[in-house]
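Before any comments, here is the structure.
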Amino acid sequence: MGAVSTFGEILLRLSTESSKLFAQSERLELHYGGSEANVAVSLAKMGVNARMISKLPDNELTEHALATFKQHGVDTRFVYKGSGRFGLYFLEQGSALRGSKVIYDRAESSFAKLDPKEFNWSEALGGSEWLHISGISPAVSQNAADVCLEVIKIARSFNMTISMDLNYRKNLWRYGKKPADIMPGLVRYVDVLLGDPATANLMLGTKVPVKEYYGSADDLKESYDALKHDYSNLKYMGMTLREVKSANHNIVGGAIYHDGKMYGAKPVEVTPIIERIGGGDAFMAGMIYGLINKKDLDYTVNFATMASVLKMTVAGDFSLFTKEDIESYMGGKNLGKIQR
Amino acid sequence: MGAVSTFGEILLRLSTESSKLFAQSERLELHYGGSEANVAVSLAKMGVNARMISKLPDNELTEHALATFKQHGVDTRFVYKGSGRFGLYFLEQGSALRGSKVIYDRAESSFAKLDPKEFNWSEALGGSEWLHISGISPAVSQNAADVCLEVIKIARSFNMTISMDLNYRKNLWRYGKKPADIMPGLVRYVDVLLGDPATANLMLGTKVPVKEYYGSADDLKESYDALKHDYSNLKYMGMTLREVKSANHNIVGGAIYHDGKMYGAKPVEVTPIIERIGGGDAFMAGMIYGLINKKDLDYTVNFATMASVLKMTVAGDFSLFTKEDIESYMGGKNLGKIQR
Amino acid sequence: MGAVSTFGEILLRLSTESSKLFAQSERLELHYGGSEANVAVSLAKMGVNARMISKLPDNELTEHALATFKQHGVDTRFVYKGSGRFGLYFLEQGSALRGSKVIYDRAESSFAKLDPKEFNWSEALGGSEWLHISGISPAVSQNAADVCLEVIKIARSFNMTISMDLNYRKNLWRYGKKPADIMPGLVRYVDVLLGDPATANLMLGTKVPVKEYYGSADDLKESYDALKHDYSNLKYMGMTLREVKSANHNIVGGAIYHDGKMYGAKPVEVTPIIERIGGGDAFMAGMIYGLINKKDLDYTVNFATMASVLKMTVAGDFSLFTKEDIESYMGGKNLGKIQR
Amino acid sequence: MGAVSTFGEILLRLSTESSKLFAQSERLELHYGGSEANVAVSLAKMGVNARMISKLPDNELTEHALATFKQHGVDTRFVYKGSGRFGLYFLEQGSALRGSKVIYDRAESSFAKLDPKEFNWSEALGGSEWLHISGISPAVSQNAADVCLEVIKIARSFNMTISMDLNYRKNLWRYGKKPADIMPGLVRYVDVLLGDPATANLMLGTKVPVKEYYGSADDLKESYDALKHDYSNLKYMGMTLREVKSANHNIVGGAIYHDGKMYGAKPVEVTPIIERIGGGDAFMAGMIYGLINKKDLDYTVNFATMASVLKMTVAGDFSLFTKEDIESYMGGKNLGKIQR
Amino acid sequence: MGAVSTFGEILLRLSTESSKLFAQSERLELHYGGSEANVAVSLAKMGVNARMISKLPDNELTEHALATFKQHGVDTRFVYKGSGRFGLYFLEQGSALRGSKVIYDRAESSFAKLDPKEFNWSEALGGSEWLHISGISPAVSQNAADVCLEVIKIARSFNMTISMDLNYRKNLWRYGKKPADIMPGLVRYVDVLLGDPATANLMLGTKVPVKEYYGSADDLKESYDALKHDYSNLKYMGMTLREVKSANHNIVGGAIYHDGKMYGAKPVEVTPIIERIGGGDAFMAGMIYGLINKKDLDYTVNFATMASVLKMTVAGDFSLFTKEDIESYMGGKNLGKIQR
Amino acid sequence: MGAVSTFGEILLRLSTESSKLFAQSERLELHYGGSEANVAVSLAKMGVNARMISKLPDNELTEHALATFKQHGVDTRFVYKGSGRFGLYFLEQGSALRGSKVIYDRAESSFAKLDPKEFNWSEALGGSEWLHISGISPAVSQNAADVCLEVIKIARSFNMTISMDLNYRKNLWRYGKKPADIMPGLVRYVDVLLGDPATANLMLGTKVPVKEYYGSADDLKESYDALKHDYSNLKYMGMTLREVKSANHNIVGGAIYHDGKMYGAKPVEVTPIIERIGGGDAFMAGMIYGLINKKDLDYTVNFATMASVLKMTVAGDFSLFTKEDIESYMGGKNLGKIQR
């Protein structure tokens, strides 16, 4: 099986300890992440040959970041080093009704300043059968948006499958373009899309039906049918079904759409949530895992959902669970029990 | 707008880490607090000019305490330094069904040994339009009770508004007087009172109706009407509505009484509670904030309740939230969501 | 009143911090435990003269372990020192739906290599009126199983009361014998048995009725009647009633059977669970406490259940609560309230 | 061999982490200590039957303190519980040229309020052959000074050996008496005295010769001869020889005087010092160990000095080293080497 | 006495724990600093009315930074908030022979993007008699260099005393100018200069004599005479005398030049150094303290040197010592002794 | 250039925090190490293609260990998984004159139970030009000794260079053989030997001259000449020159012997030592680095010594320094300086 390549920015995350405010913090926890990087780690832990394509500055933080990804088995040979800063964000961890807060600090990062010409794409994509990107990269800068379009076209020319997580971030998109100026041109090339209907409308300019709340996969069929109508290239669509009770308590299920049919995983209670961030990326990874391994879609949606649920029980952005770990909890087995 | 002055003892709190017992503790967390000091910090963070009047020993712990209050913007010029100990308490943090435990160690503190003559009250209260005290100070010693009466009378003579939080502490009141010997003489001067009906009866000797449980503001009207009948000087009364599910899980609402009418905030679930202490003080601060800024009472009770709810999501005694922070969660918005 | 002697292996537990995975751990928390040792500590804290009989290697970890037990008042004079390793296990702490994981590392331990001849039993048991063992010791090695039988017979000859916690551990029993080869021979001597019907069937080869779920003590009567029919020597039987909502949330009650009658404690919610391990041992200790002090069985089952519930609110394997601590929460009083 | 009883106040110490200032501290480390208690722990670890006689308040901190002492094998049966506070002190840890700072908070402690009548001395001292006290107790309050005289007289009547560490503390002695008013009356009964000549003059009103610096035991002979002349009851005298290079670097030796002769241990460099406090108490314990076990004085002074040196390599007030540990370093062996 | 205003960038410092490498770090310690800010804090702790003039982005980190400075008594009213990033740097703490490493991340900071027109200088400088700046600000960007020149000229027009710390940073000065293009124009206005001869030559283009090593103040006279010859406006010059034995061990003295005469403080050993950063700023603050309080220069150089030495014994960038703290160690008193 | 393969046991190390005793430890730090594994990590960080050949049990700790090695770039494909325990050791960190203590717990480990037949050596060694082993493996068990001989012979048949670190461990060698029974048969095949003369005599049964202390490389010539005489196959010999001042303070140099000539690195002071363990392995790695890259021996001995010195400035067993890091300190440059 060929590799899955992900392309996107690697971020340094500096987060407050457990439920502390910035105002109370004497130290910050250091994690490396980024939506696409998280997908790569999750895939590697699931046993998939996963590769990251990105750019970072040439300093000790980059060495630390790469060591972190290598530790989890990700292929980092195509993370190029050059000028610019290490993009970072500060995270204040929420608690109960108080939500988490993000302060982005990504200006002038090595990734934001990418030049479409500087990558050797046939080398970087060589041996891959899948490319994964997200809607965060084109939100960072015009350069990054241009590179996204380029990599997607090249991947298409290599007959690779292309997945995208829409991932709308309202605090980005500051360089003069709106999502709907950019995203439709990218999504035209996509085979597998992660995103809810409201985000799709916002980023693609579509007008598919939107509901307040999706209690089960079937609630999404109408919307995904409409999206499929507009973007007939989309072979698979999906999303996590998430009801936010509080920062520490979500009810989490999942849905996949294919060929006019919905496949769903029954929502389960997740409380306490140790770390919310990365839950969607773990679902994305689970979905890629199922599709690339040609699992049936019932298995795939349950696998992806349980990957997402398990992710929320550990700190950091990554789902560190193997295929066996995830399967051991599917179907409601072993939940919360001591294994001894 | 004039300053709000608070008068009361500043305490050093030494608490066990998260859910540890004293029996398991190799270190203790150090916080400074005290009901009135907590109100001052909360007010300062809300943007009110807040001042503390108190007395502490002349040592490095006092310097540390004052730096802590200055950090949050409280005016500490009238915290006098002199003889005596730094009053302190040890706190064992509860968990689930196991409640927290307090060991008071306030004997011979600088505050307990206060001499009513030693303060220059016109200087200390100068520029203030509001005085806040609580029922804890008169519980500490006869000296402290005497000074409370003096400061209240002087504040009255300056036409200041006077608020009091009844705050019954069964482990204090050890110097030979009962609450009902002292408190009625003080409450006669009070404009704004925080306290539930049972506590009012216990501390004031009144016999207003008491219910087992107050699910909404309206459940309190009869009791507050009766209290208003006995103490016609009380312009506003209020309390948090708290159902204790466990040490980590409360359901919290709020109520304000004015002019024979009740104003309420709908109870919300707070779990996990990071720190229960200071929740009432944050409500008191929110109530003062609303009244001094002439907000309507619907806003005020919701603002005070959300201040109290947010307080419980952070460690330490203080509500560190700005007006904007609190308002951003009022009306059920944004609860538990990541802001990014 | 005579002492309660417990016989079993003392383990070094190395556990991940709060909800961390092994894969995320840079340090491990060090606790000493073991089912029988936990019972001894719980009893000592309840005010019972408690003694441990065991064997450990002659090194600094053993000195540390013994200091830990002495700290809580356990008599450690009969923990013999000799050859072999310190038996240990690694514990990955679960969270939400993710269960805890145990990696046992007990091969070649001083206890597993015990020689039945090496203990001076009349000295070790002298002054005891009660012997407590568990089904874990005979699971470790043939030697350990042999010593269990020997100590039980000697205790019987001394007219001591004998209690046993069945405690099935599927990852042990590796030396060629099955539970049903060994346990019936031991349980024949037992007066007080802790265990659920399914475990009894598995370990004793009985076929008593088994239910999916025991919501109250009465649900157990039929099964315990049947067990009593097979093992008429069993004077008291009991178990905790536990519904596992998640790794952090159980609903916990308790049941005792005697003379054809059930005595029950109403299940209560325990969330968050700080540490699940040791909950059963605390119940066992509470049951021994009640029986040895000739308390009535209603008191005993409620005392044992509350001991178990409180245990789950603290880290480590031990219930560190005194009789007064436990009684202060019985009957639903004070749950989750601050005592100040 | 009979027990060694120590009489003195048990203190709760709250110290800053490593080199932090009070002004930088968010938490404090919790230790229990007190000069006489430290001697008891050191003796117990050396294998001597050691007992503490003292008084503490009846609360959870006392239970924690007693558990700590029991852990190290000290007999705590005669630590009486009653009214008053737990005496405590705050310690700011020094570093390099910056010295440590102590804030005493011992007013109104259970020990300071001792009544000479409240102890049953024949019970408390029963089975002891040695009593150890220090010059700190009579510095605390008149009551404490009175009890010191009483216990010393009773011990003398029981033919017990009496040791005293002069231990001058300039921040105590606040109740109206000077050391020279009290100490001579106590030292008249003492057999074994720890203290340097300058302290002796200050506390006893003697005028023995004082040197700036004692590089070896012999430098002390003239002073101790003179002290022996004034207090002919003193059979043994001794002190640590300490040159303070910085808070983290001392050069430490030791000296014992007996029968007109000096016995010395060669000074060694101790850097980094992990904890300076308790170094003198470890020497005292080592000296008692040697004398009670009838070791020769060359061994004794070297054993006591090495106990003191090892003490400084660990956190907390106690020397946690066994006889074998200490002996393994005597004579310059193994210093700083890995044992593997 | 008028205030001392400092102008410069406030930085967020993210440093590894004690001696950890970036490659080993799971968390970073958070401090706020910056050479001029450090001087302001040191002065405030010494009792001088100190003010910071700067610019930061409008976010929660800025609120945290300002609270930190307010805590220590610094006037933060003239720290303007606006666009741009929070300038930051990453610090890997060295140990023994391994030096510390700094990764600057100051591009596009609010300060670097300063517009000379945006400050209201008469308001910001109002009530000040002294302005302090450093050679770091003009190294950041042309804008910052321009603002430095403007503020210096305005301060001169207000007859304020002007001090500058040359502070060469080889990793800055990246915007196309060399120090010698900019610094002479600024230093022309300076009264009090901190810097060694080699740095002066490098930044000012002078050719004053340079020695390998300055063991005492007198070794500097020739160089400072020459510098005074070129810049006759310099009334006082000074520097710390530092011999670097290792990252944890320096020998530190100090020197001041005035009117052709040298004043020196004898070097002392500082080991272990808890934190090297901020040592020069503490000296600068001590020098300003002495001059503004019209102390003689022998006192001043000894005060400044001891401030610098004490700084190195605490974590973080700030000297948190009062005038009394510093004086208590001057003249070699109390070094390393416990104060109890 | 071909890979360097190391063969040896991978150990889990559980060590006390900084200077804590086992008796004081509530948690232990977790590191993975082992002499040969440490060499592999050091080489990988230096840029050499480094591979580990070993065996571990099939559990989560093994996954964690492998992730740790992958993070640093070591090839772990030939760490086989199977039955047995994870070999471990407990480390009590020494301080000042108190040495560190090791408790080995390696009985029944997967490595100790190795069967010489179970490895596919041509696969495992394929592509390697160098094999590194140490004298620890043959000390563990007869099986391990047998496998060592086998791998050495196969490596020889592949014309690989063979290096060995003698590494005597007195607490191992428990299976009935003495070093001199086994080691000569192995060393006969060795090209590059690390070890001091006394250890050589002890392990090889030679009688080469031994000195008390080696202050410079030349002091070793006579001994190494004699060893070369007995083992003419030894092309290079070497050792660190270490004077142990205390657990935290060593003076460290290095020596290499080749062709009858000595090459030395001047000893430097290393204080404080953050972690002593791994210092010799870093030297070994540096020596291999120099030889495999055909550096001259002056460079090589200085590179190896500086690698060893830098290793001691960081926690854990590994030298995490790149070639550039190490070279930047060679020749006495930059020692202890801040790089900013």
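Annotations
Chains: A, B, C, D, E and F, in written order; residue numbering restarts at 1 for each.
By our rule, a residue touches a chain if its C-beta (ideal position, glycine included) is under 8 Å from a C-beta of that chain, and two chains touch if they have at least 3 such contacts.
The structure presented is a predicted model; accordingly, all values stated were derived computationally and were not measured.
The minimal number of chain-to-chain contact steps leading from chain A to chain D is 2. Touching chain A and chain F together: C, E. Counting C-beta pairs in contact across B-D and across D-E shows that the higher total falls to D-E.
When you average the Cα atoms of each chain and compare centres, the chain farthest from chain C turns out to be E. The two copies, chain A and chain C, are related by a rotation of 120°, based on C-alpha atoms and rounded to the nearest 5. At the far end from chain B, in terms of centres built from Cα atoms, lies F.
The centroid of the Cα atoms in chain C and the matching centroid in chain D are 42 Å apart. Separating the centre of chain B from that of chain F, both taken as means of CA atoms, is a distance of 63 Å. For chain F, residues touching at least two other chains, in rising order: 21, 23, 26, 67, 101, 272.
By the definition of touch given earlier, these chain pairs are in contact: A-B, A-C, A-E, A-F, B-C, B-D, B-E, C-D, C-F, D-E, D-F, E-F.
On the side of chain E, the complex with chain D involves touching residues 268-274, 309-310, 312-316, 320, 329, 334-340.
Per the touch definition, chain B reaches chain D in the complex via residues 14, 17, 21-23, 25-30, 59-61, 63-64, 67, 85-86, 90, 92, 101, 103, 105, 107-108. Across the complex, chain D meets chain E through its residues 19-21, 23-24, 94-102, 104, 169-171, 244-249, 272, 276-277. Within the complex formed with chain A, the residues of chain F that make contact are 67-68, 70-73.
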